[in-house]
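Shared between the two complexes below is subunit A, which pairs with subunit B and subunit C, respectively.
Let's turn to the complex of A and B:
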């Protein structure tokens, strides 16, 4: 370290960190695919005060929001294998719990976590769409599903999009905690590379840059999409 | 054509409708007057199932239905016959004027897109918005929005259009354009049930006026009956309050 930064290592490790991007993105996409519809439906149960589900969603959100992601990871990562082991034993499935790819645990943790965040995002967005929009849809003969698909959801999305963007960026950054489950994502790969020659500063700079680029790109894509969705609000709004 | 008997509706302990009967024939323009809180709007909303009545019976043409226990299918059928114009317009914010008008045709009634566009444009022309097909609600004035709302109802070619205080949310100078449109469609023979505070509209356009107060129909008759010779004390009091001192009723 005394000779300053190892530039060759800095450049090489940048690409090592970059090779973790597909894993980080895969987790992000899977988590969003699960959390977007689930979060929306649970938000509806909150708004419409559906008994039981409403309370469930409320408690669920406070549990997830009230605990650090890293602890959620530790809990899932240590309890699910125990659960699986007992199931395998009971049904005589010949499979080693420790062969399960940690990415499955990542899918579970991040889907559960993002769902809770999106429940709140959708709940506030839904409350900005006036009840009159739904009534008008009914009055012209739309069914419930048609009204939601064509009138309510498009308007909710516009309002929710900036917050969905924030949730997505937070999710991408949170996947860095996957190293705690020895997940081969950005942070772990760069750190492992650094272990050899103690080039931690270089590795951290690389990790820093990769997340920065990735998140900026995602934000940019969201901005473009939002601009397209918002066109009906162009004037007085 | 539309016959409603004994509608009851409460919100909590507050009984808003206490057994209202209503009969409307084809071509009728019926105006409901009454102080705020008298249940006019709730009555309209119950007819279209935007509120579920606690009790009551309705006959819409060939559909005979209990307002409390109506099935989803019955509600859907009735909504195909009844159009609604809202106080706050309630245009679909994410749709252009033309899309607002055609939405119910294309999605609700399975009319082809070309045909729906043709009907929609005609309806918008009729309310004087031929220039605004592609404008979003946020680009329109309140009066224009309400005219789109009326075009949306007219385009569905319903048996009856319900108007819930269509001019109450408008700036005074915009009320005229909406009332003109309503007069025009009334003159074409559209069956209308209108809740309004516009006395001139009730006087000139309605063939029947209903005065409601505290959840019951107090009095009903021709505009002349109600405005010139009101029988009930409550009607007289109300008219005295809403009509200017020197108001002279003439036909």
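Let's turn to the complex of A and C:
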């Protein structure tokens, strides 16, 4: 390894790693689309102390936050195919479990994971909106849905946005573990390219750069959006 | 036909896994030690007067926050020996745990620098001035006045970072460190890759219990250390 870096390989692999970005982003976006509404609803059950769901959400959050993501991936990746196989067998569906694209498992794992994180984020954000806001909305004749859509959610979102940004960045970082499900994303693609000539250092520098660019971009977009949302926020002088 | 799912495997694998918690704790402990030291330095750079030092410290935090731990892990594991190789030093025989500790120390330092900075900034400047005005030296003022107060503020965030570190530490198995996760992989390998699900469930339970214990411990600690704290009522 003393011959220094292989710059040609460094440049070539950068684009290989870059080609994994769409998959990483697809997983991130799908996971967020599922987790945002689900997290918000479950956060509401936590705040309103709805008997069974409240307890369920509490244990769920504790489990997801208390175990490493990689173990969650392995659990889903080894249990869901078993379930699917028995379902296929029962209903005589002629389909091989091993043909299922691993991206489906990735959707499941990362949605479940992000939901738990967002429950906590929304819970703390919702508790910053005072109860009087909801009562005031009712008193001027808004329905429940209207009150949430026009009064509560916009205020919650401003508070929650920095934490949602952190959750998104963590999610993008966590997709690097998709290699455990043989998912063709950034890390796996660059690693496979490196296997040919043992150019691991170069490959990991590329992966590192791609994630750095990706996460910086996401943080920047969130900052812009936060500024836009804050427009209406009155500052207490 | 053999059963797909056998609960007895969960119970059987837990005693096999538990001895390897030692390694997990060792990695976490050393990373906390070095990470906190580096975090102090970074926090000092962030709160200091030098513009360049500030830029470096903030840049370091941003970069580390944007890097998945697995990428950082491999970068140190392959990168450091290759850099050392350029200077004619052979690091290929160094134990893997060293690279794991380096990786997680670097990562923990980034988190800790923010924790320490926010804790330090949460203490009112008047506290320091008051301490100096009653005749304490700078070092005394920091040790007796600023540090005890900042410590209480930092404690919950420190606990969170520690939990995060424990969980990320599970990735050390990818470079072949035999900690609790690595042992689980070995057990699965010895079973010819059958009953993987049961072993992973056992592992998840161990981690879950561990994190609940740590969480409760930090709640207790917080209560203990904040007993001297008096809330000033402003009316």
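Simple rule for what comes next: the second predicted complex is superposed on the first by the 234 of 237 C-alpha atoms of A that agree within 3 Å, B and C clash if a C-alpha of one lies under 4 Å from a C-alpha of the other, contacts with A are read in each partner's own complex, and residues count from 1 in each chain.
Keep in mind that, in the parts below, contacts are C-beta pairs under 8 Å (C-beta built on N, C-alpha and C of every residue); 3 or more make two chains touch, one makes a residue touch a chain.
What you see is a predicted model, and the numbers here were worked out from it, not measured in a lab.
In the superposition on chain A, A:221 makes contact with neither subunit B nor subunit C.
By the touch criterion stated above, A:140 is placed in contact with subunit B alone, subunit C being left untouched.
Of the two partner chains, subunit C is the only one that A:75 touches; subunit B does not reach it. Note on subunit A: of its two partners subunit C and subunit B, the one contacting more of its residues is C. With both structures placed on the common chain, the touch criterion links A:132 to subunit B but leaves subunit C unconnected.
After overlaying the two complexes on the shared chain, residue contacts for A:100 are found with neither subunit B nor subunit C. In the superposition on chain A, no contact is made by A:87 with either subunit B or subunit C. Shared-chain residue A:154: touches subunit B; no touch with subunit C.
Within the complex, the subunit B residues that touch subunit A are 48-50, 76, 79-80, 82-84, 86, 88, 90-96, 103-104, 107-109, 136-139, 152, 156. Every residue of subunit A that touches subunit B in the complex is listed here, in rising order: 130, 132-133, 135-143, 146, 150-151, 154-155, 158, 231-237.
Residues 1-2, 4, 62-63, 65-72, 74-75, 78-79, 82, 86, 169, 173-174, 176-177, 187, 200-201, 204-205, 207-208, 211-212, 214-216 of subunit A are the ones touching subunit C in the complex. Contact residues of subunit C toward subunit A in the complex are 4-5, 62-63, 65-72, 74-75, 78-79, 81-82, 85-86, 88, 163, 167-171, 181, 196-197, 200-201, 203-204, 207-208, 210-212.
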